[in-house]
Amino acid sequence: MSKSVPQTAHWDLVGIVAELRGAREQWRQKRNRDLAAHEFPSREIVREVITQLRGALFPLRLGPADLNRDGEDFYVGNALDAALNALVGQVKLELTSRQRNEEKPVEGDVLSWQAREIVTSFGKSLPRLRAVLDTDVEAAYRGDPAARSVDEVLLCYPGVLALINHRLAHELYWLGVPLIARIIAELAHSETGIDIHPGATIGGHFFIDHGTGVVIGETAQIGEHVRVYQAVTLGAKRFETEADGALQKGQARHPIVEDEVVIYAGATILGRVTIGKGSTIGGNVWLTRSVPPGSQVTQARSQQEANGVST
Amino acid sequence: MSKSVPQTAHWDLVGIVAELRGAREQWRQKRNRDLAAHEFPSREIVREVITQLRGALFPLRLGPADLNRDGEDFYVGNALDAALNALVGQVKLELTSRQRNEEKPVEGDVLSWQAREIVTSFGKSLPRLRAVLDTDVEAAYRGDPAARSVDEVLLCYPGVLALINHRLAHELYWLGVPLIARIIAELAHSETGIDIHPGATIGGHFFIDHGTGVVIGETAQIGEHVRVYQAVTLGAKRFETEADGALQKGQARHPIVEDEVVIYAGATILGRVTIGKGSTIGGNVWLTRSVPPGSQVTQARSQQEANGVST
Amino acid sequence: MSKSVPQTAHWDLVGIVAELRGAREQWRQKRNRDLAAHEFPSREIVREVITQLRGALFPLRLGPADLNRDGEDFYVGNALDAALNALVGQVKLELTSRQRNEEKPVEGDVLSWQAREIVTSFGKSLPRLRAVLDTDVEAAYRGDPAARSVDEVLLCYPGVLALINHRLAHELYWLGVPLIARIIAELAHSETGIDIHPGATIGGHFFIDHGTGVVIGETAQIGEHVRVYQAVTLGAKRFETEADGALQKGQARHPIVEDEVVIYAGATILGRVTIGKGSTIGGNVWLTRSVPPGSQVTQARSQQEANGVST
Amino acid sequence: MSKSVPQTAHWDLVGIVAELRGAREQWRQKRNRDLAAHEFPSREIVREVITQLRGALFPLRLGPADLNRDGEDFYVGNALDAALNALVGQVKLELTSRQRNEEKPVEGDVLSWQAREIVTSFGKSLPRLRAVLDTDVEAAYRGDPAARSVDEVLLCYPGVLALINHRLAHELYWLGVPLIARIIAELAHSETGIDIHPGATIGGHFFIDHGTGVVIGETAQIGEHVRVYQAVTLGAKRFETEADGALQKGQARHPIVEDEVVIYAGATILGRVTIGKGSTIGGNVWLTRSVPPGSQVTQARSQQEANGVST
Amino acid sequence: MSKSVPQTAHWDLVGIVAELRGAREQWRQKRNRDLAAHEFPSREIVREVITQLRGALFPLRLGPADLNRDGEDFYVGNALDAALNALVGQVKLELTSRQRNEEKPVEGDVLSWQAREIVTSFGKSLPRLRAVLDTDVEAAYRGDPAARSVDEVLLCYPGVLALINHRLAHELYWLGVPLIARIIAELAHSETGIDIHPGATIGGHFFIDHGTGVVIGETAQIGEHVRVYQAVTLGAKRFETEADGALQKGQARHPIVEDEVVIYAGATILGRVTIGKGSTIGGNVWLTRSVPPGSQVTQARSQQEANGVST
Amino acid sequence: MSKSVPQTAHWDLVGIVAELRGAREQWRQKRNRDLAAHEFPSREIVREVITQLRGALFPLRLGPADLNRDGEDFYVGNALDAALNALVGQVKLELTSRQRNEEKPVEGDVLSWQAREIVTSFGKSLPRLRAVLDTDVEAAYRGDPAARSVDEVLLCYPGVLALINHRLAHELYWLGVPLIARIIAELAHSETGIDIHPGATIGGHFFIDHGTGVVIGETAQIGEHVRVYQAVTLGAKRFETEADGALQKGQARHPIVEDEVVIYAGATILGRVTIGKGSTIGGNVWLTRSVPPGSQVTQARSQQEANGVST
């Protein structure tokens, strides 16, 4: 029997490769694209950059297991050096890819210079970001009765990990590299189930508990001391699609959440509405209009009562 | 002091090992199983296969960071070769494990031949799958105002990653290796929070935004140009459990969603119902009956209004 | 041109490092902390411990791909030995870090002895945990019409992976190392989207289907033969924040779910309420009060009917 | 400038690949070979097998750094299981490749059976090999004034590492897999500079000091308690090449070294000569004839004296 | 006791770092060097390039263990693509570092162009090098009575591995990147103990047996069908050092070995002498003058006889 | 057929494990040893320490490929911190293992303190060692006509790599951890074929060319500006073995080589002899007596002449 079964594969490798090439060419013609190479930032390299920046920001808790005080600054400097150098390469890739189809592409040297300027600014912002993140850690510790120590918060809470990524991504978003920023956001999304668009503006002392399913849109603005639970959406209010199916891009279309607001699990707030300072939005609330400061929004009492119970 | 604390462990390793063996034997007797070896497909190997297939399908964007056009076909052929050869081993493991308890098990050579046939068919399908995935990428770009380029979509959007896995898994599901298909689906579930059963049938131009918490059941059927947001469930309608707690398996029990339907975040559609072409299902809607084409289903206005607000 | 662009970085590495040190010192002064070293359990080491314990508990399915019956006990013993030895180090780190600020810190030798006692007890519990996990696997197989075999359940179902972690974490939680327990829980949360606090008490034959978004709080108590679907919350009922924003810690504040209860997707049960034996809680139900045994709780019929449909 | 330099490579990848294929085909035709696949044992896999066998033979010294007595047997069993299973695959590859060009090739099942028989015999020999290696370790400790402990000898001495490989390789050589045996020997050669053909027969209590440049030929026979220093050759005596350049294979052509012989650095002994029991061969001696027991062979005194010295 | 032993290190890390910086600065001032960065080819990257080129040259024997005929060309193309792209970066580094201290450094774009030209030429040479290496493999098979197959030769013989590296390195040496060439040579030296300077010119059908300790100098020229054994030196004849200790560089100072010469183990041939065609140089011979074709050079008979033997 | 061949292994794993345990116990009884755990320094960890120390000593050339001047000190500090912390653990292991069998073993805390003292002294010595190594690099550059730059010397020359290891090992040897020192020496021996015992004392400006086969004994003393070629031995002069085969340990028994001596390839110098300042020892010379300063020692002219040549 074994002789009639050839040891090499049946499949026509050459044929599949040719057909896949055909599929790629069709796509490229259709989209009028002509990539010469893998010209985009790499998810893997960005992941490594973020791992090193997390360590540089919180060396004794997110850095290597055997680090001690003596070596702290050296570790921080070395991790930063590696991270920023790797980042400058990724930034240049994004700048290059973005102006590929332009008529007068910028020269490579200028792009290199721009990339360095961006990373220099980003590097300068890190101490400030660390200080803000400290307020987030403190907010988590104070906001969760199950938290035993600030260390537990930093080591365990997905909301804190997502915020580290967000605050780094948001900085890069405003410095002009939104694709890298988005990759950083999606790394946190994959790790934590928390999806914060890097464009969102978020004040200090922000706490996301549990976090799975949280979605915060690109133009959302969140004040100080805000608390948010799992599956909360701060989204855009959709209108029916236009005739050609295209959607307008770039407009302010997500909520403004003022200081000291609490939004419980599963609440959905849509559109450019304002949640006034100190308001509380109850679990599963569906809200598409603004509410004044100090509001207590809950689901209609009638609904809860209306739960049909038969025993 | 240190002399009274022995350096070796206290724990009775031999005892724990023996008890664990006892627990395994109890399980095996109870389930009438007699495994001789690790005879199942391996999550790690399947993960590696998928990583290589993703690269083979989209070489310049999901392949290695230093790839360029010149080397594209060689990379694709080499990645395919490695992926398909590894896959044939996993397929044979699944075929073997499935017929283990049968009275007349098929001979190993026949299983090898079957495994090769399955992988050959799968390989042939790849160019077609790439073409469909291109429509999904395009749909994502057109469907999200925050998307800046098709490249961002492919590099960042969890919905697209989940669909790559799904289209590969669905092909393998129909070719007769549902366990491998399920592993592929769960790899995407873990990575993206999107849980699509490999049995689900999904047309082109499908777009899942944000995605966390999406569940699409085994017998769901989805048409062309459908758009779905986070936390949407296309599930089965549950009835009370039977006396013995057993559930019937294999029946069509999930929704049919026709072309050009949009389903907003958190909507739940249960049972073998049909959502007519071009309908829009609003956020958080709970739906257990069919709706005709062109329907606009929203939560009862009364509910929204009923949000209790006190300031 | 190239001469005017220096090859070294612009950024002031020394300056950033100094500022980051300043930010750390500010935090440490404020929190009155003086860490000498990375004195916490390490997420990476705990992850490795869990990977080995999973293999030791289910060697032929979660162990290495080439394992067979002959080598099973050796593999189990070796994996256990490595896992328990690594764990004892992590336990000692947690014990050390916890009593760091106490006036009369326990001596290192005593902590070592305590750590060994904890790990010894933990090791002894493993055969019992395996037996309980077997009931969970069986419950999943019986509870999901899409499940084809118990093997598929163990290899693929995120709910089962989350429960393996939970049952290990819960044991460690009660043995006095809640931080390690929490890290184990968060590893599962990140992998599966299922967030079970290690303090939660869960009976046998527990099944979580799909799972993304499930949250089970610290003081929840769940009986035997309970079934739960995605996005179910067993949470605390929140009250308004106190004047100083502090929340009371440690009180029983999550639901008691009695035997044979089924809770469908998206249901939210809050507060120290009791769901009576054999009850069924419908999808998306919002429940903040106890229900007697045998209850069928669904959303108010009026709501479903109230879905606004226009075609 | 940058526009005139294309970013993709100049080189004609397709052309080089085609020419390399041509070169391979020319070789295969010339040698009348038709390989279907990589059908040889793999240096990397054999290296891994040896690493695990070294650990299984000397667990507390060549095994993992964190091993202790409790886990010793489990580690040994697990390492053996992995090593022997990997080895059986390599043995089958060698058996297959060897009979490829034969007219009546043995069937695959028979080769599998043969491979298992070989590995079973090999496994049985391991305790005996360990006991012999213990005599080698002891000989090294006794033979080198610089050795401080038997542990230092086992951890550091290249001669001991080379002998571990040799004794394993020699067993496999006699069991009928000389290619794997040779790979094992060359792994030691690369690591230590000591080149012992796996066919060489070596008694217990053998000690090679320093070792670099030692060559021991295929048919050499070495007794008990022999000591050898760096750059010693036990080789074949070469004759002029025949007309067609071919050399006769397989004949006994290397020295017999009887018990308790010492051979100092750089000595060269060629041909099927016998060095009688208890002899000492001095440094740099060139010897092509037998010497009786108890001989003291040194370089001609005249030579040493003859060193020209001018100051 | 434990309280008096601080957990952090004693050592003055800051002080050591400062002193090491001082040592570096002293060196740089003395050598008038001002490195801005790690501007040299990297041993690790070159090692990876060579690993891939070995696989591309001999895919079914030095390529991956699971390769088969179907995937051969794809593997070769992909490995070449990766190797040549990585090499072009290393070549540019060498070109840059070499002209660092020149007054008019070449511009970066020109260096990039030069690097591509070099790698293009190198790529073109690979099929020719493979053909020559095939003659070396054949020579080894024919030259060693212990060789059982050409496959054993390619998988096991250090002489063949050293020649693969040498033939690649020699090509790069002549293309103008002697530092990379030297790194390649030293990788083989470390692996095999065979030290061939990349400048040496070596004809086809070259065989090095055993090989440890072989040294072949920069300006050596070796004809076709030459055979060499372990510890053979083809070196320069040293003269006393000059007053300032400097040695002249670049002159032809190593032997010319004509076709069909055999040089036995330990022979030392020094200076720009010529070993005539078909000569045989005996073991341990020390030779510093030319010999005509067909010579048989052995150690003086008197010496051998002179071995002092006492029994 | 396949049914009659069981899929699990034949071999009696349990039996082999038991016999190996027996062999170990026999050894332990015989040597009166009772190891509780792997209590020795680990070759792998020491290798990692050395890799980091090499980088810390020569950051821009042996450090990471992407390092630049800005990050140099941070890299150095971080690498040192990791290396010294890892080393302190290895030192404690050696101290512990050494006093295991003593009647009054030192307490663990004292050993920890001793280990830190040793590593602190070692750390302090590094700037001095770097300065000496710079003289070695310079000597290599000046001593080899084939060397094109000091960078080539540091990147490529095995003699330099061996000296880096030696100077580190020698320091540790004198600080009281000869086993770790020996491991470091053997790592270089394996990598370069150069075997320098860590006890040997070697002055600055030392150059070893080619290096394979060089052996320098424990009590050798080498002055400044010495040059040595491949296969040179500075060894002990052996006497006949004593009745019980034991050799005296620790005595001065290797040569003293004064400043500015050159020793050509293959020369063997044995015993506690002195090679006077500025002497030259020719290739293959065999020397067992002292020579005065300025000596030119060559092989007896008669020997060279005596090469038998027949053509």
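Things worth noting here:
By written order: A, B, C, D, E and F. Residues from 1 in each chain.
Basically, a residue touches a chain if its C-beta (ideal position, glycine included) is under 8 Å from a C-beta of that chain, and two chains touch if they have at least 3 such contacts.
Just so we're clear, the structure is a prediction, and the values are computed from it rather than from any experiment.
If you take chain B and chain F together, the chains in touch with both are A, C, D, E.
The interface of B-E is repeated, with over half of its contact pairs matching by residue number, by A-F among A-F, B-D or D-F. Fitting chain A to chain D on CA positions gives a rotation angle of 180°, reported to the nearest 5.
Although chain B and chain D share one sequence, what matters here is the overlap of their interface residues, and that overlap exceeds half of the numbers used. Inter-chain spacing, taken between the CA centroids of chain E and chain F, is 23 Å. Put simply, the C-alpha centre of chain C and that of chain E have 56 angstrom between them. Chain geometry summary: the mean Cα position of chain C and that of chain F are 50 Å apart. Among all residues of chain A, those that touch two or more other chains are 2, 7-9, 11, 13, 17, 36-37, 64, 66-71, 73-74, 76-77, 80-81, 85, 107, 193, 212-213, 231, 266, 284, 299, 302-303. Across the complex, chain D meets chain F through its residues 56-57, 59-61, 63-69, 72-73, 76-77, 80-81, 84-85, 88, 107, 109, 112-113, 116-117, 119-120, 123-124, 126-127, 130-131, 134, 142-152, 155-158, 191-193, 210-213, 230-231, 262, 264-266, 280, 283-284, 299, 302-311. Within the complex, the chain D residues that touch chain C are 64, 66-68, 70-71, 73-82, 85-86.
Put simply, chain A touches chain B in their complex at residues 1-2, 5, 9-14, 16-17, 19-24, 26-27, 31, 35-45, 97-98, 178-179, 182-183, 185-186, 189-190, 193, 195, 197, 199, 212-213, 215, 217-218, 231, 233, 235-236, 238, 240-241, 245-251, 253, 266, 268, 270, 276, 279, 284-288, 291-303.
Chain B meets chain D in the complex at residues 7-9, 11, 13, 17, 68-71, 74.
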